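Listed after this line are the structures, all set down as structure tokens.
Each of the next two complexes has chain A plus one other chain: chain B in the first, chain C in the second.
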Partner chain A sequence: MKIFFFIFFFIFFQFNAANSLIKVDITRGNLDPLPIAVSPLHVDPNSQSLKDLKIKGLGDKISEIIENNFKGTGLFNPLPKDAFVQNPDIAHLKPRFEDWRLIKAQALVTGKILVKDDKLKIEFRLWDLTASKEIMALAFTTTPSNWRRVAHIISDKIYERLTGEDGYFDTRIIYVSETGPKNRRVKKLGIMDQDGANTKYLTLGNELVLTPRFNPTNQLVTYLSYFRNLPRVYLLDIETGVQEVVGNFPGMTFAPRFSPDGKKIIMSFAKDGNSDIYTMDIETRVVERITEHSSIDTSPSYSPDGKYICFNSDRSGVQQIYVMKSDGTNVKRITFGSGLYGTPVWSPRGDLIAFTKVRKGRFYIGVMRADGSGERLLTENFYQEAPSWSPNGRVLVFYRETKSGANGEGFSAKLWSIDITGYNERKLSTETDASDPSWSSLLSK
Partner chain B sequence: MNFNKNLKNTALILFATLALSACAAKKTSNKDLNGDVYTGKDTVEYLASGVPDRVFFATNKTNLTTAARETLRKQATYLRKNKSLNVTLEGHADERGTREYNLAIGERRANSAKDYLMTYGISGKRLSVISYGKERPVNPDSTPLGWSQNRRSVTVKAN
Partner chain C sequence: MTKGLLFSITFHAVMILLTILTLPFMLRDPIDLPPILSVELIQISDKTNIPFAPKARKVIEKVKKEEKRVVSEQAPPSAKAKEKPDRIPLPNEKKDKKKLVEKKQNPEEVKPEIRQSSEFEKKEIIDTNQIAALIDKAKEEAALEQNTADKLTQSSVKNSFVTGLTLSQEDALRAQIFGCWSVPLGLPYDTNLLVRIKLNLKKDGTVLKSEILDHERMNKPGQKFYKILAESALRAVRLCQPLKVPPTGYDKWKELQLNFNPTEMLRG
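Our next item is the complex of A and B:
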């Protein structure tokens, strides 16, 4: 994969951090999304056209990406453009606040684009229409091919300004792309922007691949591959394409995940009918055994401070979720509700653990506190599992499969996302069927 | 006359419908299930005449049923007679579990079969194990019967 070359500068304008009147509360399910007008970005007439990028319409495209991002949060209600009352260039200089308020907008985004000397310069402003003032202004300079990322970064900045939390738009999702009949699925690693754009495939589909996971600190991915019919955990650098098997285990390794500092891989190693949890230091290659129990121990996930590990074990007789110190001591069961619990994943904020629950033949995605209290089931379906957190810990992405008939007809696997409030469930658009999603960290952090 | 002919046709159609529904009923009946363990022969293949290649498991279970042990004893006898033959035990799960746990449970099922073959004198060197979890269903049907056919360990010739 080509190296993502990207530079941007934050600049000046009068950055007025004083309290504005508009503020979006994202801690509860938001039934009253903020009406926001995203004006098409004005294209500077001095812009030079580029071979592979049409400058005409670029301002509209960027504003559409921002609108789409905002709509997806459920927190904002982007207003239809045909009601807009001012030309983009004039609005960007000074909006007529009372006119925008007339169409019930509470916030306004304006911007300007200039392409010159193979550089794309974008500036944008965020206006509080209730208080009649500018509350944010930034400018970026980058290579023109990065224009989609700029749209995502602008979205993140506005989201951060209005909610007080980090955004999650300038991110990617790695997943398993699925094609072919249910009993002979062809699976490849796929990667796309969080909004479904820029899909690329990282493997050819010659061997079965499962459960890719992003390193939270860099461009490495760990996943399970059946290369040469030996199921092993692999490490893949998505920039260079270099991949290697992790460790030298005489049996199946699976369920890999990175430690929060990105330096270790934690995974299960299965031998003689028993699965235990191990770590391997990526640099020193030192392998450490973390659990030693005759039960199945799998699906490990670190707390964001690296001090604890939650994991899945059937040592009680059925699948339940446990938490232990990262050295394997102090093992405590945290799930006691009726049903089975699997796939625990610690939130990047540290406050919650997301999980899959199976009860009476139905599958639930839920969250609970790290001590197992406060369980909340967010969504119920025929089959769904494997939640992965957005980097700000506000949204979960997971996959859902449908029931099929005797010949596999009706079967599908799709990615879905839901807010941890339980609101705003959405299907993600993918080119093929998809499963096992993993959300990256913010790319520009 | 005409009326009579119509009646006859109706009777025929009725009969046909009954026969069809009986067929359908047979297909979806769970007479091939003991508890939720598959006991039928629909998906079974044979290593040799009279030597079935697979054993079935209950939901979330990895222990061998009486029928599974009987099948594995036949496989052991066959393997003792064919000393140069090596096999791979392929462990599988149904689609009603989480993917990672299913990989572990498939590995455990295949090892249950391997351990039993070893107690009947087959060297562990001739027996390799692989788990496919829920990735290779033999029956794609989302029904208890389909799932029971997928919870299996299959003995496959490796050379």
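Our next item is the complex of A and C:
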């Protein structure tokens, strides 16, 4: 019986001891950018030479593109190359982790380039320096002229691996390129990579163009231009260059945007001083009226699941943002703050709506939840509007104009981006002045 | 027969008594533990013996001049005070410290940070149309604050009683890891992501072994976010080595569990 007692006591106190494991809850961390070392990619000496491309410096160029992409996010801190402690070729095989840790790097990117049979093969590895192990390795084979895209795709893969979120580097931005004096602006459709490279112009500048928007496959663009002196919505195929007027409306159509499945265009149609929202099926050309109100309803934008539409309307007397079901029922006002609200755009993640707010002569770009709560104004300026989301819903691109003199001197329009936390505002580089940007979805998806 | 029965009854009674006395979940309401609260106060006064003591002295003198109040009234501010010791020596972190405290009081209210550039927004707060809303909000904030304070007091009481780590020791450790943990900001804020890491420590605080308690979740399909969070947590632990552990009581903390939960941060 004594033994029985002892066993029982032993088990009892063991249980108590196990229960006393110290537990500490960690609910906060830092938001400092992650220090990352992007080693220049090693060029294989057996690579063949190419006419149009200098292979020798390609490794440095690709690593620079990756670094610039990371710098722009505000989430990474690419370390200066002069501090690097190992040659690219050896680091790619097996980094000396302790040496890289000395320069305070937490992650390391290495890679190798080989050109063979006129094909470019780029491989890269991502190393976790604190765990001393490789956490990702991929290789891409493509035509040599695609090297910039490969650099962006590598950036996307690393970003996704380290943040848990899709990247947004292998994307394009379409915008209205502006040249000439303020009262005689020439406006063309421009398209460029998100980092400002590879700019091309899609229209000649004979007619005014406004509000270009990509479709989900990035193949088509819808925008506003003039047809017989009347603003009309156009559709343009980027690859073929074919453009056409959308629908046969007896009046002016504007503010077009694609539905998330790319099958419809949603836009405003104005007649006799009243504008309402319409959709048109691109295949069947069937037009459907969505709102029917004596006020001005415009700037419609679908939620990513296609079930809801947000738009702005002055039906309450002041321009505010409303949300309704995609068939036009159940209209609800979601903004009640002072000032005017316009250009609502639903985030690709579905959780937020970006907007422009005008109050006391100042312009704000902000975000709020889809029910109108949690309004956050991200940036304020003399004149700025037209936010457009990056495909991962983390960054907004918009345009900002400067104040000009009486004759238009000192006027400029530039593209800017800001992330949804309100930090990391930066100017995008464009060849000309630019306005009305629209961000494409990921090209490689 | 009766002997056996008597023996059995006595044995069961002893067991029940032991259970009540020793098992932590059988404890009474924490309100019944005023002496433990006073112990916490002593530790806070320890913390104030650091470079910024003149300020603290003034406050203490003021408090002394007032009539001595009930101990429990001083207890809630301990939640704020405990942030200080690790952060004061680092001048660069002064601003961050303030922000963190604000967040803690009302996790959902991050507007001040984001609106920093906008003077207009500050004016708008005084808009008469919004006064009613603000009053309601103030009530909510007060309630939240009270809630957080209550929670903290309870958990700290429980922790010091059950585990043997004092508030300041636990805070020192927590603050150290806060600084090392780069939270992956792309994680979804509406998913319940909790990474539990069990550490075996050496006496100097270096990590002998780290083990993710739900490690089988790491390689499951669809658990990409969990894996990224777990990796970031492990990175934080490795970066923080040696951990700030108490000089004594090694047996109590040689095994330690860290629960990483970024939900509050991701919600903003």
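Basically, the second predicted complex is superposed on the first by the 411 of 445 C-alpha atoms of A that agree within 3 Å, B and C clash if a C-alpha of one lies under 4 Å from a C-alpha of the other, contacts with A are read in each partner's own complex, and residues count from 1 in each chain.
Everything that follows uses one rule, which is that a residue touches a chain if its C-beta (ideal position, glycine included) is under 8 Å from a C-beta of that chain, and two chains touch if they have at least 3 such contacts.
Since the structure is predicted, the reported quantities are computational estimates derived from the model, not experimental observations.
Q: Quick check on the superposed pair: does A:Glu385 touch chain B, chain C, both, or neither? Answer first, second, both or neither.
A: In the superposition, A:Glu385 touches chain B alone.
Q: Now for A:Gly180: first (chain B), second (chain C), both, or neither, which partner does it touch?
A: neither
Q: Under the stated touch criterion, which partner chain does A:Tyr364 make contact with: chain B (first), chain C (second), both, or neither?
A: Only chain C is touched by A:Tyr364; chain B is not.
Q: Is A:Asp436 contacted by the first partner chain B, the second partner chain C, both or neither?
A: first
Q: A:Gly306 contacts which: chain B (first), chain C (second), both, neither?
A: Touch status of A:Gly306: no partner.
Q: Using the superposition on chain A described above, determine whether A:Arg376 touches chain B (first), chain C (second), both, or neither.
A: second
Q: Just checking: does A:Leu75 make contact with chain B only, chain C only, both, or neither of them? Give me first, second, both or neither.
A: second
Q: Mind sorting out which residues of chain A both chain B and chain C touch, each in its own complex?
A: none
Q: State the interface residues of chain C toward chain A in the complex, per the touch definition above.
A: Residues in contact with chain A: 15, 18, 22-24, 100, 103, 110-111, 113-118, 120-121, 124, 127, 129, 159, 162-165, 170, 173-174, 177-187, 198, 224-225, 228-229, 231-236, 238-239, 252-253, 255-265, 268.
Q: Spell out the part of chain A that touches chain C in their complex, as residue ranges.
A: 8, 12, 16, 19-32, 34, 75, 106, 128, 130-131, 135, 160-166, 337-338, 359-360, 362, 364, 376-380, 392, 394, 421-422
Q: Which of the residues in chain A end up touching chain B in this complex?
A: Within the complex, chain A touches chain B at residues 181-183, 185, 208, 210-211, 224, 229, 231, 251-252, 254-255, 268, 270, 272-275, 296, 298-299, 312, 314, 318-319, 340, 342-343, 356, 358, 361, 382-383, 385-386, 401, 403-408, 411, 435-436.
Q: Which residues of chain B touch chain A in the complex?
A: Residues in contact with chain A: 60, 62, 95-101, 103-105, 107-108, 110-112, 115, 129-132, 135-142, 146.
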